Structure formats: structure tokens, C-alpha cells
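One structure, as C-alpha cells, below. Some questions next.
Chain lettering (A, B, C, D and E) follows the sequence in which the chains are written, and residue indices restart at 1 in each chain.
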Amino acid sequence: MSHLLPWLTALLCFTMVVAALVAIRGKSTPIAILAAGLVSLVASVLFLILASPDVAMTEAAIGSGLTTFLFFFVLGRVRRGDHG
Amino acid sequence: MDFDWMKIPYAFLTVFIVVNYGFLMGALIQKIGARAGRRHGIPIWQYYLDVIKNYGLRSSITHGVMFYLGPVFRLSGGVGLLLFMPVIYGSYMFSNFSFAGDLILALYFVFFGTLGMALGAGESGHPHAAIGVTRGLQQVSMAELPFAMAVFSVALQYQTLSMTDIVAAQQGGLANWTLFTNPIAVAAAMLAFLGSMMRPPFDVFIAPQEIPIGPPTEYHSSYLALMQTNRAIFPVAKIVIYMNLFFGGAGSWPELFVKVFFLYLFSAFVGVCFPRFRVEQSVRFFLVWGVPLGILSIMVV
Amino acid sequence: MVKRLIALALLAVFGAVFATLLLGYTPDSELNLTARYYAERTAAELGAANIVTAIVVTYRGLDTLGEVTVLFLAAAIVGLVLANSRPGQARERAPVGELLTTGTRFLVPMILLLGVYVFVNGHLTPGGGFQGGAIIASAVLLMLLANPLRHFSHNLIAAIESLAGLFYVTLGLAGLFLAGGFLDNRILPLGNLGELISAGAIPVIYSLIGLKVGAEFSSMLASLAETEEL
Amino acid sequence: MAYLAMATGFLLILIGFYGALTNRNLLRMIVAFTIADTGVNIVIVAIGYMRGRTAPILDSTVSAAAAVQRIIDPVPQALVLTAIVIGLGVTALMLAYAYKLYEKKRTLDIARFTELKG
Amino acid sequence: MNALYLIAIGLGTAFLLGLLNEQRRDLAYTLTLGALTMMSAISASWLVVFVATGAGAVDIFTAGTRPPFAINLRMGLTEATLTLLINLTGLFAAIHMGEVLLAKGRRAMAVLLIAIMALCGIVLTRDIFNLFVFFELIVIATGGLVLLSDDEHAVSAGFKYLIVSQFISILLLIGIIFGYHATGTLNIDGMAAIGAGGFALAFFLIFIAIVAELKPFPANGWALDIYESAHPGFSAVFSAATGSAALFALDKILAIGGPAWYPVATAIGIVTFVGANLLALPQTNDRRLLGYSSIAQTGLILTVIGQQDILGNQYLFIAGGLLFAHAVAKAGLFWLSDFVAQRELTAWASLKERPLLVFAFVTFAAMLSGLPPFPGFYAKWELVHALAAADRLALLGWILFGALVEAGYLFRWFGYLIKRESDEKVACTAPQVIPVAAAVLAGWALGFVWGDLSGRSNLLLVLPLLFALGFLLIEWAPAWAKNLLAIGGLSFYLLQTWQDYDPLRLIFLVIFTLGGAIIFLASFHAHGRRIGFYPSAMLMFAGLVLLIQATDSFGFFAAWELLTVGSYFLILRGKESEPHALSYIVFSLGGAFLILTAFALANAVSPAPTFEIAALATLAQPVAPWVFLLLALGFMTKTAAIGLHIWLPGAHAEAETDVSPMVSGILLKAGLYGLFVLLMSMGRQSLYGVDLVNMLLWIGALTALLGNLMAIFQEDAKRLLAYSSIGQMGYALFGLALMNHLGWLMALMFVINHYVYKSMLFLSVGGVAKRTGTRAMYRMGGLITLMPLSFIATLIGIIAMSGVPPLSGFGGRWIFYNAIMDAETRLPMVLIFLSGPIAFLYLFRLIHTIFLGQLKDEHRRIKEAPASIVLPQMIYVAILMGVALFPGLILRRVDAYISQFLPDGALNWDGLTITSQYGWWNPVAIMIVVACIFLLIFGWLLFVNRKAQKVKQFNIVFSAERPYRPETTHFAWNFFAPYKKAMGFLVQPFVTRFWGAVTDLLHTAGDLGRRLYNGNGQIYAFHFLAFVVVVFAFKAGL
């Protein structure tokens, strides 16, 4: 198990970077938001690997959960004019 | 030197001599000028006639207090200037009130009459009076500059501001005259002299033969007589300054008469030869020719 | 395009700075002074098994108080910002699915319970007030999703939030009088390490935090939910 | 591992910054910031990580006495907790602002809100 | 009270508000105010304890654990003062914003409370992460409070702020965590003990993040938008409280970085100070301008923080002085801005109907400009001295330059306030008034405290100044009563102190006091209460007498600033004087800064707590010539030497009738006094082989010439006199620079004469202008019969001034000629020779075109000037006559006094004749001779022409016509046209163009800088990142 951890970490990191790039450069805002949420979610797994369960929980609950919902709330309100 | 009651009759005597000399010399110069122009000219006693006539005329008008006082200022300026100077070198009798002040007093007192006259003429309300005054002032402001510098140069040369001392330093022969010991200063001063003698080419502000402009425009009768009297005294007094500073002064009245006459003639001579300058032209003239000479004279002394 | 290039150029410098930091970084082999103190003394001093919690609630309690205040502020300001945007009357909305409604009814109590569990056990296990608060808020979120027209009592939320906050501050002040200082948890007996009722005031405080955070998140969500679609 | 995580964290920060600098859409800027925030959190946690140690929680496997040798540095974790919550607060606030701005101008383009300048 | 209560009360109350019913807003508001009051009281109690006992700082532990394992706070003198400032600002802001807080409800109040609490937290905490948390609280609270504004742009401003804050906090966090990793602690003191050497990069990130909270130029666009759009009540907090807290935070952080980072802080600070001030120049929006000014002031304090290595134990005094002056004044101005309906600077004119608000504005502007008696003045003094002592002259120069620019726009603004028109009515409500009043009180109280702490004379205990300020309290009294009091005060002061002075000082003192009293006689013509006149005038006179009193450099400089400010207010009272008063104050302050620098340089080489003026004599190379140069330049701005003269004509001409003589006849002498003192103590100095005194000689001569030359081309009588003053001051400067006995005597004679005849002429012309309603001379004419007394005064004045015997002016000329006989340099004399006759031209113009020539129809019924204006003129005529006859009365003693310094060439005063080594002069004899000749001739004329009658106006010979229109017959306009043709090239407005170009350049720079701020929040983020990069490069290159 432990020898797999670095690979897993690398995979997670790669995923985060890709997701982050999608969030930044992607055309669609909802997908960007989801990608950002994904970054956060993956990060919380990474935190677990880094022996930080408290942080992992928080990141999962707040960073990826609540934040994403907040985004969608607002996005839902302003969707029509979203051409920026 | 100090005051002494005897100075009062002496002063009157000085004034008397200078007035007569002034009348005669003025007419003479006028006549010379006329002859040079192939005209007959005025009789030598013409100025006496004019003055007597004008004193005799009774005028009943005045434009106001300053108007009334203008000629008084004018003549006071001339007489005062004369009396504040040692006219005849070495003579107690004709050193008059020179104990009251030195060369500087004389230089500044020149303006006393000018100022009063200008104010008097101004009150007449005649625009030409003001035009004349301004022209005169403008020209004289620049014309006086080389002279002031020459005076400074001479004062530096002799290390004194006393006119008597300056004359004293020039005694002992022609070569001791400032004319030869400090020719540049004299040259500068003589340019200024031309400018301040109200003769062509620097006479645009007096211009008597044209439409009447200039300070005397509104003056007539006894006012004019006072001014005519001053015309006799003032140039002489002024030339005396030049004579004392640059031409060895005069040890006696005849010497004075001769020197003053030739100096006066000099201005007349130049005047005959040149056409009249406009004011800005004469200002520029003195700026370009007089001032550098004056500066030079200060620098080399 | 120029903007992007400039951005890249600027970020290149930052990248260099970060790279320098990264390359200069050597992991500690031993705990540093502060961490060592916490590792050695937390259990004895504060009686909390979860050292992170002990730090969060007590040693760095002032930070946490500030943190809670950040949320309080954010909630208040979100409320303020959106205050004028609230619609005057109820909006027409398409009904949401039956599944969601039913699911909500079933799930909400369980989620709430889970949230409470998380913050009550904060001093023992991973998790605590913030995580628990977030979980509680997710219950509210669920309810909002199920019934967008639901009107939450802002006063209720505010009251919970305020009371929790007040108690928090009061407990902190009690530390001044009863124990070693502001936010000292030893105003209550420390109990035995690892038990639920232990670690002095930490569970109480963390619970208050949980309530407060939950209320604050809920308040934010509710405020946002009540805005009008533009 | 920590290096990798930290590098990723930094990379996320840079990506987030880039996004915030180049996206004119308000919401996308905020998204970019959350990514950068996540990056910061990763960096912080990575700093505290020590190979071969466990989470700073005392339980049956980690006794209080052995803690010094067994656990990783708890402080960064405490800090990250705070940072995450603060990040959420700021994000929420920015979202509310974005909504308000949109309400005013019906656009999310940051370049349109330039009445105040000079 | 434990300092933690500051936080607990703030937070607790904020939470408590949530429990209240949303409808109980009054209660919530009361609670808020109560909490803020209690917090203020706690801070105040700490402050009292620290001040009373001198106790050291107290550490406050949390969590029952010692630092670095738990967060600790610290309460010391600085912290107590700062938290008091913050809490009071918060309290008054809450009062000020009462209406909007009540409207928005408890949430808004909670946000405000938390903001104030967090600011206190920033000040108190010793933990760096805790600092971060508090900063985040501030960011969010700011984001919320911005919204209290009714400006719809506030939202976008807030968003821009949040964007940049995100960048800042990310950098800060990274810095903190790496700092922690390097040191194993988060405690600031713990980190400081280890030092930032091992984690310089991380520290850089922390540093730059905190610096960014100070809104450094140019990465501060967002802050300006907030200042512009936020509610002014909050802007006050944002400027005064947030700025102070952030500065203190930076100060704390720098303890970690250590001295290696001071230069960085200094560089950022000074760039911010100068840059923000430049950008403030072209602003027209009041709040945005205040924002720029706030940023600039913060930059200045940051500079001071960066210079703490050389400030020693003065550090807190200086930083505190600047900080409090800035905070109180800025808060006050922001609050004041609420009285103004529109946001243009010119709209502030609506305040002028309310003298108390004007007074408040003056207080704040003076505080910001560092004028006495406010804390900034003392701080500036010490700062400049410390910088000079450490040889950091470039920095010193930039600081003063920035301060000058700042004073420029502040006083321009004040000019708008006083001079522009506005229809708006100002409504005052108690919540608006209380905070402003509190700020005013605080300002004066701080002035007192700082004066007390300064270890120098506390200006607010100086009697003449108090006397002047006392007039503020009796503004309700009628003008005549105040006038009596002013005359009495000046005379009393003279009576009390005249024995203390040597003859030279006594002459100046007499002119300043008795001279002032005589001019005040003319002020009896004013009716009503004449609000603002007496405090300003007496402030100027207080400065003048203090100048004479001063023996050390501090007293001298303080007096100098006081008289400058007083005279500025006086000048500003003129109808069209707005731009002229502005250029006056800018030039004067510039000159004052030069003087300050000179004193600082001098003090630097001969270190002593107080620098005696007399010690100037002991200065040696290489400092001495520089000191000389700076002082001379400073004094010459006051005497309006050529090149520095452009402020004078407008300022003197546009001033009120009785103010013109004050500023011309009296105020100019202050500059001469300075030059006297300078030359007396320092003598000849040369720099790079150039004899500086010789330079002065040239400047004096040029000034005399060009001043006079410009005077002759003026159509405006008072302008003519003003230019004439320039020329006259040139003469006096020339005399001084001759550096011989008679030169000084002449200068002194000019001091007296110029006072007498210039005051007289200004009064006379002022009286005429008052009656005719114009100052254009060509529109006057022929007034001699209607205003004979004014005419006489003018006549005597111009005779005296032109130097024609027998009046006193001649004495001056005579001494002058004797003096130049001794001079080594001859060339400058030429200019003086020329300027003499030119003076004649304008004097003639003055008297002719006003009193002679043709009377205009519309003036036929005017009367002599009011008796109160004529009376002093007659006194002057008497004085002139007296001085003309017996100059020895005054000059003899001075002559003897000067002999102490220049023994050669003293005059001989035996009998009535005054003798020098070259010539002589007998004023009495001259007078008698002239009078006799004059009277004789006058009598003769009366005799031959006794029946003369005055004729009517147009009874003149005029080309055989009788003119009928006085306008066409009065030769007055463009009087000296030929001269302009011939000499006009000398009076091309080169100097005006030069200074105009300088001003334009500054404005253009400011305008170009403004383009940076294009309003796009994203671009502001670019600015910030670029700023970080630049600072990084700077630090790396250091």
C-alpha cells in the first residue's frame, strides 16, 4: 500500500492541475465551477494522504461542497447574461 | 564749511550772474544755429524781451494747485541745483550752499524741478502735457544712465564725492582734466549730456515748433516766464556739473563762461547735424552706445 | 493577448519565487519547538486527544474566534448586500422532483445528527465545529433544494448564531477569571483523555462553534437563495 | 511526496492567479481564486508533513508519550482549517458582490465596472 | 481592564446585536455606541496608566499558556494610543453614520463593531497568523462597510478591493507558513529573535502583503475607489484607523526583518508619498483627493518607519506626530465632506457661510501640511533634523517636495472653499457636527501634547500666539472692538519688550508692532464683525514678533511658519486673490522648507538639542555655504527676489485695502530680517568658487531693475505698487549684499522708508480704489481736488521714494552712493543705476494718472477716502518729514550697532551734518535752503499772478478744439509705450513661464499617473503583482 502512495499522490496532483486548467481556460462556467470543486475534492484526498484528516474533512465539506453550491446558487441567478 | 548769513547775498549774486549769462548764451547759440541754417536768427537780447513780456502779462487762470506750483518747482529746482554746487572753484563767495551736500545731492536735485514740472503740467489736464512728460522721463531715464556711471567712475577715480575735491584734483594743467585722465567716462557722460539737454536729436518731448506738446503746453504769462528763467539757469547749472567733473572746473567766471559756452555749443552742434529720434530710438541709442561706455569706464577705473 | 503575456511574465517571477521556496524547503526531521510542545503537553494540559482541535480551540483560540467572526461577518454582509435584492413576493418555481422531496425528509435529520456528532467529538476524532457546522448547513442546503420557496426564519438563524457567539465569548472571558487566560479550556475539568466528556471546555466551545458555523453557512445560503433570478 | 504536493500547490496558485488575471468574467475570477486558495492550503499542509508519521491525534495507536516521535506537526493543519473557513467567507462575499454587480449592469464583465477611476 | 475586553466587548456586542429584534434599531444603535465608548474608555484608561506611571508594556496571554505556544497580546503606550485612536474614530464614525446605520440595521452595526475590534486586534496581537486573521476580518468588514454608501459605484469599488485582497492574503499565507517552517514559531517576537535572515523570501512575502495593506503607490487603485465611493463616515475609519493599524502592523513585522528591510520600506514610502501627492494634484473629486492624500500620508509614515534606525528615541514622537496629525485631520475632513452636497472641490464653497466649519477645515489642512502648532510640525522638524544628521539628503528633499505638493493642493482647495460661489445651503445635524468638532478638539489637544513632548517651546503656550488665537474666541465682537484690542495688544507688546533688543531688532520690532498698529488704524473703516480678519492678522503679527524674539532655530522657524500662514489667510481675503494667495503659500512654504533644511544641516554638524541662531557663525566648510545658500533662498522667497517673485504682485494687489500695507509694508521685512540675521552671523560664503554674497548682490540688483521695470508697465495701481515693492526689496537686498557698513545702513534705511511710504501709498491708492471702485489707473484721473489728502500722501510718498531731496528717500540714495564706493564688485551697480530713474517713471505714472489729468464723469461726486484710511497716511507724512529732517534719531544707534560687525566706514554724526569718508549731507540745511528758494519763488509768482482763477476742466488748448470727453483726453493707458518697445524684452514673463511650466509638468505627471488607474479591478491586480515584482527586484538589487 505505502509504495503505491507516491503514485497515487502523483495521480491526484496531475488530476488537480488538469482540473484547475479546465476551470481556468474552459469555455463553460458551470464546468469551471465543477472543475474547481473537483480540485478541492481531490485536494481533500491528498490531505488524507498527508496525514491531515481534519483538514481533509474541512476541505471536502467546505471547499468542495459548500463553495460549489454557493457558486451554483449565484450562477443560477445570473445565468442569462453570462457572456463575459 | 558751514552756514553764514553772507551766503545769502552771495547766492543772489550767483543767480543774477547765471541768469544773465544764460539768457545771452541761449540767444547766441540760437543765433549761431540760425546762421548755420542761413537764417538771420533772433537778436541777442531776445530772451530778455520774452521774459519781461511774459512777467508783464497778467493771466487770470490756473488749473489747480499743482499747476500753479509746477513752475515754482521748476525754477526752485534750477536755482537750488545751482546753489548746491561750488560754482567757482576756490571761491568762498560762489560756493554757496554746497555745505549742505555733496555731488550726490546735486545729482538728485536735478529731478526736483523735473518732478514738480511734470506734476504741474499733469494737472492742466492736457493730454499732450502728459505725453511730453512721459517721453521726457522715458528718455532721460536711459540717458542719465551713462552719466550716473561716469559719475561713479569719476568718484571712484578721485575717491571722493565732493565736487570741490574733484575739481581740485584736476588742477594743474589740461592733462589733469578728467577728460584726459578718464576719457571713457567723459565720453559716456557726454552722450548722456546730449540726451539731457533737450536739444535735437533728443528733443522729441519738447518739440516747440510743432503742435504744442510737452510740459509747457498749457503754461503762459508769468508761469512761462518762470520757466524761461529756469531755461537760463538750469542748463548752465547742469553744465557746471559736467564742467566740474570732467573739464577741470572753473576758477573764475570768465573761465566758466567759456567752458559752459563750448559745452552748450557742443550739444547745439550735434543737434544741428542729426535728425530727431523717437523715444524708443533714443532709449535704444543710449542702451547700445552709452551704457557699454559707462560700464567700461567703471571697470577700467 | 498582451494582457496574457504580461500576466505570464509577472507570474513567471512569482513562479521563480515559489520555486526558490520549494527548492529551499527541507522537511523537518524532528518536530520544531512549538509542535513539540503541543505533542508533549496537549494531552496533559488540555486533555484533548485531537491535538489539532486543542490548538484550534484553545492554544490558538483567538484565531478561531476570529475565524468564526469572519463567517459571521460574511454572513451578515451577504445579508446586507442582498438585502435590497429580496423579492417582495413569492416566486413561481417549477416543482422539484418527488424523489428529492422525500429524500430530503429522510436525510435531513440524519445529516443534522451527523453534524452534531462531528463537532461534539471534535476533541477526540478528526473533525470539529467547522466540519460539523458545514454538515449541518448541508442539511439546510438540502431543504432549500427541495423547496426553494421555503422561507427560513432569519431571526431564528440569527438568534442561534448570536447566542452561540455570545456564549463563546463568555466562555472565553470565563477563562480569564477561572483559569489561566482568555479562552483557556480549563474552566471545566479536563476529565480523562479520550472520553467524550473531557478536555475541559473544548467540546463545549467546539459545539458552539459548530452551531454558529452551521447557522452562518445557513444564513448565507438562505440569503443567496432568497435572491431574485435576474 | 510532500515536495510533489507542495509543487502542485504552488502550481495551483499560479494557475489560479493566471485565471484571475485573464478571465474578465467575475464568476470565473472567483473560481480562479478558490483554486489558488486550495493551492495555498496544499502548500501549508505539505509543509507540516513529515514522512512516516501519523496524524496528530492521540488514540490507541499513538500514545501521549510517544506523540513526539509519531505525529506530524499539527500547527499547519490548524492554520489551514482557519484558512479554509476564511477562504469560504471571502468567496461568499465576492459571490454576493458579483450578484449585486450583475444586478446593476446585467453583465459580469469586470472591464465594465470602471466608473471610478483616475 | 484587561485589553482583551477590547476584543470581547466588540465581538460580544456584535453577537448580541443578532439577538435583538430587527425592529429594535435604536436599541442596537445605543448598544453599538455604548460598546465603542467602553472600548475607548478601556484604551484611555491604559493610556492614562502608561502616561502616569511610565510603566512598560504588558503582555496578555490567552489560553493560559505562554507564548509562543499560544497567542499573546501586548498593551503598551503605543498600543494604548493607537487603540484609543481607533476606538474613538470608530465611535465618532458610528455617530456620524448614525442615520445610515439605523437604516441598514443591526448587521451593519455589527460589521462596524467587528471592524473596530479587528483593528484593535491588529494593534494588540503578537502572533503573525493572528495578525492575518484580523487582517482578513478587516478586509471583509471593509467590503461590507463600503456598502453603507449611497453611491452606487461602491459595490464595484468593494469588489476591486476584494480581488486584490485575495492576492494579498495568499502571499501572506505562504509567507507565514514558510516563516513558521523556518523558525518553528508564529510569534512575532519569537521570529524577531531568530531574524529573517534564514527565510528572507518568505519574509518578503509577509512584508509585501502588509505593505499592500498600506495601499502603496501605484498599487492602490482599489483603495482610491473606496475612498471615493464609500460613506465618508467609513472613509474616515478606513483612512485614520485602518491606516494606523496597518502601519503599526508593518512596524511589528519589520522587527522580524530587521534593519536590512528599512531601505525597502523607505523606498516604498517615499515613492508613495511623492507619487500619491502628485496624482492628487489634478483631482477634482474631494473624497478621491482625500484618498490620495491619505495614501500619501501613509507613505510618509512608512518612510519614517523605514528610517527608524536613525531616529533613535525620537522615532515614536515623529511617527506618532505624523500619524495622529494625519489620522485626526483626515477623519475630520472626511466627516466634513458630508456637509457638502456635491463632490467637486469647488462645491466646498458652500461651507464658507459657516465660519466654524471653515475653522475646522483650516485646522485639518494645517495639520496635514505640518504647520504649527500641530503635531505634524514638530514631527517634521525632528524628522528633517534626523535625516540631515544622517546625511540622507535626497530623501529629505523628496519628503519636502511631496509635502509642498500636498500643501499646494490642500491650500488650493481652501482657496476654493473661501473664494468660490455656491448656492448650496449647509444643514448641520448633531451627528454630523459632533465628530467634526471632536476632530478639531483632538487636533488642538494633540498640538498641545506634542508641543509638550517636543522638549522645545510649546507653541500653544506662547503668549503672542495665544493672543492671536484668542481672537478666534471673540469673533462675535464688532470689528472696531477687535481692532482696538489688536492695536492695544501690539502697542503693549512693544512697551513690554522694547528694552530687550538691540537697535537692529528694535527697528524691526517697532515696524512690526507699532507699524502694524498704525495700519490697524485704517481698519477702523470696516463695519460689521469682519470675521476671519483679526485672527489671521494677529497670527501674522504673532509670527513676526516671535521671529524677533527667537534665538534658536526652532523658534525662528516656528515663527516663520506662523507668519506665513497668517499672512496667507490675510491675503486670501482679497476679492480676486484666490490664485495669488495660492502661489504665495506655495512659494512661502517652499521657502520655509529650504530654511528648515538649512537649519537641519547646520544642526547636524554642530549637534545640540537646540541650535542657537547665533551659532550659524560657527559653521565651517563644507556645510556653511550650503546652509547659507538655502537660508538665503528661503528668505528671498519672502522678499520676492527675482525668479521667486511671481507670487507677490497678485498677492499684494488683490489684498484688501488695509491688508496690502500689512503684507507689503510689514511682512516683506520679515525676509529682510532673515537676511540681516543671516549675513550678520555667516558673512561671506563661497560655493564652488562662487562668492554667494556676490550672487546676492547680482540678484538684488536684477530684482531692483526688473521689479521697477515691470512696475512701469502696470495699469493696475496696486500691482504697480506691488512690483515696486519687488524692486525696493531688491535695493535692500543689494545693500545688504554689499557687505559693508553703509550698505547695511542703507538696507536698514530701506526697511524703515519702505515701510512708511509703501504703507502710505497702498493706503492712499487703496482709499482711491475704494472710492472709485476700480484699480485701473486709466479709469481714474483728476482726483486731486476731490481727494486732496490722499494726493498729498501720494505726493510725499513718491518724492520720498524717488530719492529726490529734500525728503528721506534722498538719505537712502546718499548712503547708497557712499556704500558702493567701498564695494568690490562694480558691475551690478549698473543695474541699480538704471533702476533708479525707472522708479521715477512709475511713480509719475501713479500720481499723474490717478490724481492729475482729466476727472471722469462718474467720479465727480466721490469724496475723500474714509478718515480712518487717511489718518494713518497723515501719520506717515509726519514720520517721513521727521525721518527726512533727523535721520540720525534712528540711524545713529543702528550705525553704532552695525559697527560691531563692520567697523569700517561708519558715519560721523557730528552736528547736523552727516559725514562719510567720501562726502557729506546735511538734511536740515537742504530742507531749509530748498524751502527758502521755493517760498521765495512762490511768493514772487503769487505777487505777479495773484488773480489767477481756476478754470474748468476742459479749458485747454487742444488743437483748436475743446475736448469734451475725459476718457479720450486723459492720457493714461499704456503710458510708457515707447519704453515697452525699447526695453520690453526685459520684461518677458520668463519667470512666470518657467514656474508655469513647472506646475504644468507636475500636473501632467499627475495626469499621466492617473491613467494607470483605469478603473478595471483586474488591472489593479496587475498593478499589485507588478508592484510586488518591482519591490522584489529592488530588494534583490539592494
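Note that in this section contacts are C-beta pairs under 8 Å (C-beta built on N, C-alpha and C of every residue); 3 or more make two chains touch, one makes a residue touch a chain.
Here the structure is a predicted model, which is why all the values come from computation and not from measurement.
J.: Common contacts of chain A and chain C?
T.: Touches both chain A and chain C: D.
J.: Average the CA atoms of each chain to get its centre, and name the chain whose centre is farthest from that of chain D.
T.: Max centre-to-centre separation from chain D belongs to B.
J.: More C-beta pairs touching across which pair, C-D or D-E?
T.: C-D
J.: In terms of Cα-based centroids, which chain occupies the most central position?
T.: Given all protein C-alpha atoms shown, the central chain works out to be E.
J.: Specify the chain most distant from chain E by Cα centroid.
T.: Relative to chain E, the chain with the farthest C-alpha centre is A.
J.: Between chain C and chain D, tell me the centre distance in angstrom, where each centre is the average of that chain's C-alpha atoms.
T.: A distance of 15 Å separates the two centres.
J.: Measuring centre to centre with CA averages, how many angstrom lie between chain D and chain E?
T.: 50
J.: Express in whole angstrom the distance between the two chain centres, defined as the mean CA positions of chain C and chain E.
T.: Computed from C-alpha means, the inter-chain centre distance equals 54 Å.
J.: Report the inter-centroid distance (CA atoms only) between chain A and chain E in whole Å.
T.: About 59 Å, centre to centre.
J.: Which residue numbers or ranges of chain E touch two or more of the other chains?
T.: Each of 129, 133, 136, 140, 143-144, 155, 174, 178, 181, 186, 1022, 1025 in chain E touches at least two other chains.
J.: Going through chain A residue by residue, note those that touch at least 2 other chains and give them in order.
T.: 53-54, 58, 62, 66, 70, 73-74, 77-78, 81
J.: Among the residues of chain C, which are close enough to touch at least two other chains?
T.: In chain C, residues 3, 7, 10-11, 14, 18, 21, 25, 28, 32, 34-35, 38, 50, 52, 60, 63, 66-67, 70, 73-74, 77, 81, 126, 130, 220, 224, 227, 230 touch at least two other chains, as defined above.
J.: State which pairs of chains touch, listing all of them.
T.: Those chain pairs satisfying the definition are A-C, A-D, B-E, C-D, C-E, D-E.
J.: Which positions of chain E touch chain B when the two form their complex?
T.: 782, 784-785, 795, 798-799, 802-805, 810, 813-814, 817-818, 820-821, 826-827, 829-830, 833-834, 836-838, 840-841, 844-845, 847-848, 852-854, 913, 916, 918-922, 925-926, 929-930, 933-934, 937-938, 941, 944-945, 947-951, 953-959, 969-972, 975-976, 978-979, 981-983
J.: For the complex, which residues does chain E have touching chain C?
T.: By the definition above, chain E touches chain C via 2, 4, 7-8, 11-12, 14-19, 21-22, 60-65, 68-71, 104, 107-108, 110-111, 114, 118, 121, 125, 127, 129-130, 133-134, 136-137, 140-141, 143-144, 147, 155, 174, 178, 181, 184-186, 201-202, 204-205, 1022, 1025-1026, 1028-1029, 1032.
J.: Which stretch or stretches of chain C touch chain D in the complex?
T.: Those residues of chain C that touch chain D are 3-4, 7-8, 10-11, 14-15, 18-19, 21-22, 25, 27-29, 31-32, 34-36, 38-40, 42-44, 49-52, 55-56, 60, 63-64, 66-67, 70-71, 73-75, 77-78, 81-82, 85, 124-126, 130, 193-194, 213, 220, 223-224, 227, 230.
J.: Hey, which residues of chain C end up touching chain E in the complex?
T.: 3, 6-7, 10-11, 13-14, 17-18, 20-21, 24-25, 28, 32-35, 37-38, 41, 45, 58-63, 65-67, 69-70, 72-74, 76-77, 79-81, 83, 154-155, 158-159, 161-163, 165-166, 168-170, 172-173, 175-176, 179-186
J.: Where on chain D is chain E touching in the complex?
T.: 13, 17, 20-21, 24, 26, 29, 33, 36-37, 40, 43-44, 47, 75-76, 79, 82-83, 86, 89-90, 93-94, 97-98, 100-101, 104, 110-111, 113-118
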